Amino acid sequence: MKKINVKTKTRIEMIDVTSEVSRAVKESGVKSGVCVAYVPHTTAGVTVNEHADPAVAEDILDALSEHFPHRRNWRHTEGNADAHIKSSLIAPSITIPVEDGRLTLGTWQGVFFCEFDGPRSRNLYLQILNAE
Amino acid sequence: MKKINVKTKTRIEMIDVTSEVSRAVKESGVKSGVCVAYVPHTTAGVTVNEHADPAVAEDILDALSEHFPHRRNWRHTEGNADAHIKSSLIAPSITIPVEDGRLTLGTWQGVFFCEFDGPRSRNLYLQILNAE
Amino acid sequence: MKKINVKTKTRIEMIDVTSEVSRAVKESGVKSGVCVAYVPHTTAGVTVNEHADPAVAEDILDALSEHFPHRRNWRHTEGNADAHIKSSLIAPSITIPVEDGRLTLGTWQGVFFCEFDGPRSRNLYLQILNAE
């Protein structure tokens, strides 16, 4: 398993980690299989979406915060209940096929580490499995 | 890896692809493992839910559109920001166990390709891994 | 594949199944790979989130029910449309890496079976794959 360190800079942001994940797949030598990206944190997530226009990520974050706002009368008293909710909605793991030694990302797709309670130093785990 | 082509007919719909995914699992010859279904698009997703009553899929789509509506003042100017948001909430990938050569779907479960910005010609990738 | 039985006690709750999933991983003998947890039901899901403070799970459930309420004029006439919606948002499957024979859960992370239409007797399937 490989570990990627991600340093986030604001409370809530989506960080494009496509090149780091692609490099790990290449280094694994796996030609056909899957890459599982996993976030070992309860206030962050991982997703795949458009990385050509940064406005897409901003819209996703705005939409989440509009419905699950930061400051509110949540039961969890650490002030980050919204981040836990966002984490389970986006999910802490995603699985992407690998073919011909590469992630099978579509033309506009990139992999994003989703920070919901930063800034922090975070980890993203990558487990790459062979299909054969 | 196998590719399924899905032709969607309206802007937002859930298309039952259970028989196509089941056939791919059978053809793979894998007896025990998992099937990863992956959408290489940023305005679509894949989920598993009830496919006996079509009203279930309609309720899911209505609920998503109520909270993340199509026409609104989003930052992304292509007019489909809502579709990107729905994609990350439903997620572009799902992993289903395979046992005795078949998907371990529950009685009421079917696999759905979720179109959020159609109609389009779409792909669904299937990577089937052996557990042994 | 292993099956865990989960008896839920109320209509909507998150049940910590971390110890059961961890035991299955240990018993599998897999040292490096992934564990896929899969829910064969259309009104339940599985997620990973904080299991130190039970208020986190309550906030997640409250937030979901606030936006996707139980009693409302849904099309699906069985009275549990909200549970189907919650199931697809949380998702019926999650994939967690296994390393050194253990789930790579972060410090605060636990695995939760999410009941959205209980009480019922439920199943959670675990398929554990080897990375080598």
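So that you can tell them apart, the chains are marked A, B and C in the order they are listed, and the count of residues begins at 1 in each.
One rule holds in what follows: contacts are C-beta pairs under 8 Å (C-beta built on N, C-alpha and C of every residue); 3 or more make two chains touch, one makes a residue touch a chain.
As the structure is a computational prediction, the values presented were derived from the model and not from experiment.
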{"item": "Rotation angle superposing subunit A onto its copy subunit C by C-alpha atoms, nearest 5 degrees", "value": "120"}
{"item": "Interface residue identity across copies subunit A, subunit B - same or different by half", "value": "different"}
{"item": "Distance between chain centroids, defined by C-alpha means - subunit A, subunit B (Å)", "value": "19"}
{"item": "Where subunit A touches two or more other chains, by residue", "value": "67, 89, 91, 95, 129"}
{"item": "For the subunit A and subunit B complex, residues of the former touching the latter", "value": "32-34, 47-50, 53, 55-56, 58-60, 62-63, 67, 89-91, 94-99, 104-109, 129, 131"}
{"item": "Residues of subunit A defined as touching subunit C within the complex", "value": "1, 36, 38-42, 67-68, 74-78, 81, 84-85, 87-89, 91-93, 95, 125, 127-130"}
